[in-house]
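Next come two complexes, and both contain chain A; in the first it sits with chain B, in the second with chain C.
On to the complex of A and B.
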C-alpha cells in the first residue's frame, strides 16, 4: 500500500470516543438516562451522530420539537467543524471518553447558525469542497461539473466513512494535484491534468506557487505551562482565532517548504526568528516578547514543524480537501 | 507592491490591495455620501503586529423604516442613519416616527475572502430590542428589484453563515463570479481596458453589490 493510501486509511479510521449526557434541564424521566457512548469519526460531524444518540434519550425528553445542539463544558459546539478538529482544539489534554452534553431544546441561535441535521452537514461539506477547489484549481468547475448523483455519492462515502467508495469517486472530482515529492506515489486525486489557474507556471514550465486550503484554529493562553493539564478550560469561542486562509508557497528547487514555514506564513507574529522581529522598544522602554507556538495538532497528531508541508497536506487533509490545523499558543507578553 | 503579482489581477484583489482599497472607499464615502455615517475600519487586533494590518469595513446601525403596507420601493427607500458613536445599546429616542412603522436596524461588514480573493458583504438586521430579523423579514426591506433578482436568477445568493471573526450568525451575500463582473466593469470603464486601479476597486464592487441591499453610492465616488 502506498504511503499516501496508508495515511488516508489512518485518517479515515480515526475516531473519538464520546460520552454524551442529556442536559439536566431536559431530563423528564426518573431516573435520568445514563449517558450514551458513541464512537465519532474524526472526519465526521456531530449532527450525523444524532440518529445514533437520540434513541438513548427519546423517552426522557420533554414534549415538543427537537432542535439539537451540543456543548462542551458550556461552550456550544460549532456543528460544521469536523469532530476530530473540535476535540483537538478544545481539549488541550485529550479527554477519553470526551464528555459532551446534548440538548434537544433551546437552540442558541444567537451564537450558532441553524442546523437541520444531515442536510446542513452536507451543504457545509459541498461548500467547503467548492472553496477548496477554487483555492487549488483557481475555479470550482470540477465540483460544479460533477453530476448530482456523484456529488451525493461522494458525500455518502464521507458520511459512512467508506474510504473505498470515496477513493473510487475521486477521479470524477478531478481535483488538481498538490505536488508531493515525498510520497512514493502521486496523491490519489486525478493524475497529471491540472484544471488550470490555481498554480502559476513560469516560462520554463516549472510550477511556481501553489495555494493550499487551510483552516487554522488558534487558541491563545496568556501564561506558559509545563503540562497540558495545566491549560485552563475554554469559556467561549472568542478565545479562539479562526483563520480560513490558503497557504501560498513557492516551490524552490533544493528548498523544502516545511510545516514551520507554513505556520510562519499564517502566524508571522509567532515566528521564532528574532532577527525578523519588529523589535521596537515601546515608548516606556519595555519590549514586547513574541508569542510562542506550543502545539500544532492535525488529525490528533502533534506534529514536528520540520516535516515537509506538502507531505502534511497530502496525507492529513480532510475529505473536503481542507487541512485543519489546531494551534495552541502563548500570547505575546507586554 | 510585489512585482511578481499585481494587487488587482483578473478581477481579484490581494489582501494588501483590499486594505488600500478599503481606506480609499471609506474616504470617498465620507466625502461624497453625506446622508450616511462613515464606514469604520476595524483592524483585526491579533494581526496588527509586524505592521501588517488586516481588518474589515463596518457600517452599523443603519435604520430602514418599513411601513406595514409593503416592501420598500427602490427609489424611495427610506434610509436614515443613527449617528450614535456608541457601540452598545441603540438610542431609541433618536427615532421619530409614527407608532405603526417599525424600525429595522442593519449592520454591514465588508470582509476580505482570502480563498476567493474578493470582498464579501456580510450583514444582519435587528429590531430595536436587538432581536435578530429573519431572512424573510429582511427581504421585505430590500428593494423589490433585488428580491426578484434573488429569487429568480442564480447570480446572487444570501446565505446564513458564521461571521468570519465575530462568532455569530450573519447573512452573507454571494454574488457569483465577482471577479468576472469586476473585470467587465473595468473593461467598460477605461479606454485601454486596463485593470481597475486599486483605489477604485471597492467602489466599483460596491456600486453593484450595495444595490442588492438597497445602498446606493453617488456617482462622484466612481471618479
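On to the complex of A and C.
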C-alpha cells in the first residue's frame, strides 16, 4: 500500500471510544440508565452520534423537547469541531474511553451556537469546504459548481467514513492540490520522481506559493508539567484560543518546508529554540515566562517536527481540506 | 547537498514515525475498543432500527386508533342522544303503563260484573224457556181439548137436529092424526083431495076463471115511486090487478095503484124488514115474511093484522100461500127450516129441517109440493103433508135467490147468485131454458125475478139498476129497462100482463109498460 494511502486509511478509520453518560439531572427513570458506549469517528462530528446514543437514553428522559449537547468535565463541547480534534485538544492524557456527558435539555445558548442535528453538521462541512477552497484556489467556484447531489454524496461519504466513495468524488470537486513529492514514495528515491496522477495540476518545476487552510487550537496551561497526566483538567473554553489562519510557504527546490516551519509561522511567540518535539522533554529546569509549546497533536498523533509539512497536509487533513492542529502550551492565559 | 539529504532522511524518518504513530493510535483506539463497542451497540442499533420500525408501526396504529376513536366518538354522541330520547320515551311509556294498568283493573272489574249479570240473565232465560215449554204444552192440551169440544159440539148439534127432526116428525104425525080426524068430518074436501092425488094435474080454481092475457114486453117507465126509505125488498101484484103491494126496510106494507102511482093504503103492524110477500088467490089476505122471525097476515080490506105467525128462530126470508086452499102457507127462515102454517088455525102444522138455508120458496099449483131454492144452489121439492124431501136438483153453482112458478104451473124459474136464470120443467125437473145477460148481476141472496103471466117472458133486476127481460122461447134479451140507479131487489109482473114493477135498494119502485 502506498504510504499516503495507508495514512489516509488510518485517518478515515480512526475512531475514539466514547462513554456517554446521561446528565443526572435528566435521569427520569429508575434505575438510572448505564452509559452508552459508542465509537465516534475522528473525522466526524458529535451531532452525528446522536442517533446512536439517543436509543440508550430515550426511556429515561423527562418529558419535553430535546435540545442535545455534550460536555466534558462540565465544559460544553463545540459541535462543529471534529470529534477527534476535541479529544486531542481537551484530553491531554488520552482518556480511553473518553467520558462525556450528554444533555437533552437546557441548551447553553450563551456558549454554543444552535445545532439542528445532521443538517447543521452538513452545513458546517460545506461551509468549511468553501473556506478551504477560497484559501487554496482563491475562490470557491469549484464548490459552488458542484451539483447538489454530488455535494450530498460527498457529505454522505464523510458521514459514513467511506474513503473510497470520497476518493471517487474528489475529481468532481476540482480542489487544487498541494504538491508533495513525499506522499507517494515508499522508498527514499529521488524526490523529483513523480508518479503520474490526475491530481497534480501544476507543471513540473514551477515555483509556487502554497496556501494551506489550517485551524489551530491552542490550549494554554499556566503551570509547567512534566507528565501529561499532570496537566490539569480543562475548565473553560477560555483556556483555548482558536486560530483560523492559513499557512503560506514557498515551494523551493532543495528546501523542505517542515512542520516546525509551519508552527513557527503560526505561533511565532512560542517558537524558537525552546520548542520541543513530542516525547522528548528537556528537563531544562528553567521555566521561561515566555510560552512554550509542549504538545502538537494532529489526528491524535504527535509528529516529529522535521516531518515535511506538505506530507502532513496531504495525509492528515480532514475531508473538508482543513488541517486541524491541537497545541498545548505553557503560557499566560489569554 | 548533504544538508538536503539529511533533511530528506529526517523527513523520511519523520514520515515513518508518523505512520507508526498512526498505527499505534489505531491499536489503542478503534482497534482496541471497536469490536467490543460494535458488539455491544449492534443489538442497540438493530434494536434502534427495530424500535424505529416498531415506532413507525405503532404510529400508524395510533393514527388508526385516533381515527377509530373519532368515529366512535361521533357514534357515541349519536348513541347518547338516542339514549336520552329512549329514556324519555321509556318514562312516557311507564306512565302510560300505569294508566293502562288502572284501565285494565277497571275493565276487569267491569268484566266480572258483566259476567255475573250474564249468568243471572242466562238463569232467567232458562227459567223462561222452561216456562214457555210448559205454556206451550198447556196450549197444545187446550187446543186438543178445544178440538175435541168442537167435534163433540158438532156431534151434539147433529144429534139435536136429529132429535128435532124426530120431534117434528112426531109433531107432524100428531097433526096428521088430528087432520085426519077433522077431514073425516068434511065430506067435500075428500073428493077434491082424492082427485088431486090421483092425477096431480093442476086444475083451475072453480071460484073463478083466470084471464089469459098476453103480456106486453115492457119498455117504458110509467111511474117512479119512492115507496120506502132504506130499500124496498119485496113487491107483489094482487091477482089480476094493477094494485101493487110493497114491503120495505121498516114501516108499514103499502098498497099502490100503479095506474096513478098513488098510495091506496098502508098496512101497519109489522116489525122488521119485509123480505117476502104472498097473497091469497082471493086477494083477501096478505102474508109478509119478516126479519123479525115472524110472519104477519093482514086482512087486506080492513088493513089489520089477523095473524102473527111465530115459531121461526131466525129471519123469515120467503113465504108462499097455496092457490088452491088459501089457508096453507109455507115459509122458509134462516133457522134452516121450512114451516107449514094453517091460516085458519093460526099455527105451524109442519116443520121441515135441512142443512142449507132456503132463500126462496114456492108452492105447486095443487099446493101439495113445496119448491125451495137453497144457499147450496140446490132446488129441493118437499111433500107438504109428510114434510119429506121428494127430490133435489142442482140448479146453480151459487145460492138460489128466487123460485117462481109459471101461471100454468108447468115451469119453475130459479135465479142464482151465479147470475144464471134457469127454467125447469116442474114434472121432469129438467132445465128447459137458461137465461143470462152480460150486464145482469144479482144483487142479493133474495133478488126476486118473475115470469110474465103468459109464461113467455122472464124479468130480472140487476145490481146496476137495470131490469132485463128475456124471451123464454128465444132465450135472449128482448128488453133492457134502465131507470133505476141502485140495485134491483125484486120484480113482479101484473097478472093482467102489465105493468111490470121493479123495486130497488133505495126504496124506489118503477112501473114498466
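Side notes on the structure shown:
Everything that follows uses one rule, which is that the second predicted complex is superposed on the first by the 293 of 334 C-alpha atoms of A that agree within 3 Å, B and C clash if a C-alpha of one lies under 4 Å from a C-alpha of the other, contacts with A are read in each partner's own complex, and residues count from 1 in each chain.
In this section, contacts are C-beta pairs under 8 Å (C-beta built on N, C-alpha and C of every residue); 3 or more make two chains touch, one makes a residue touch a chain.
All values derive from a computational prediction rather than experimental measurement.
Aligning the two structures on chain A places chain B and chain C side by side, free of any clash.
In the overlay built on the shared chain, the residue A:213 is in contact with chain B alone; chain C does not reach it. A simple residue count on chain A separates chain B from chain C, and the partner touching more is C.
In the superposed model, A:114 makes contact with chain B only, not with chain C.
In the superposition on chain A, A:242 makes contact with chain B only, while chain C stays out of contact range. Using the contact criterion defined above for the overlaid structures, shared-chain residue A:13 touches chain C, although it does not reach chain B. Judged by the touch definition given at the top, the superposed model places A:89 against neither chain B nor chain C. Of the two partner chains placed around the shared chain by superposition, chain C is the only one that A:39 touches, whereas chain B remains out of contact.
Residue contacts after overlaying the shared chain place A:306 against chain C, while chain B stays out of touching range. Across the superposed structures, the minimum distance from chain B to chain C, using CA atoms, reads 26 Å. Taken together, the two complexes place no residue of chain A in contact with both chain B and chain C.
The touching residues of chain A, counted against chain C in their complex, run 3, 6-7, 10-11, 13-17, 36-39, 51-52, 55-56, 94, 96-97, 182, 188, 191, 254-256, 258-259, 299-308, 311-312, 315-316.
On the side of chain C, the complex with chain A involves touching residues 4, 7-15, 17-19, 21-26, 28-30, 32-34, 36-38, 40-41, 44-45, 47-48, 51. Within the complex, the chain B residues that touch chain A are 46-47, 49-52, 114-116, 132, 160-162, 164-165, 167-169. Residues of chain A touching chain B in their complex: 78, 80, 109-114, 131, 134-135, 213, 220, 236-238, 241-242, 244-246, 268-269, 278, 288, 332.
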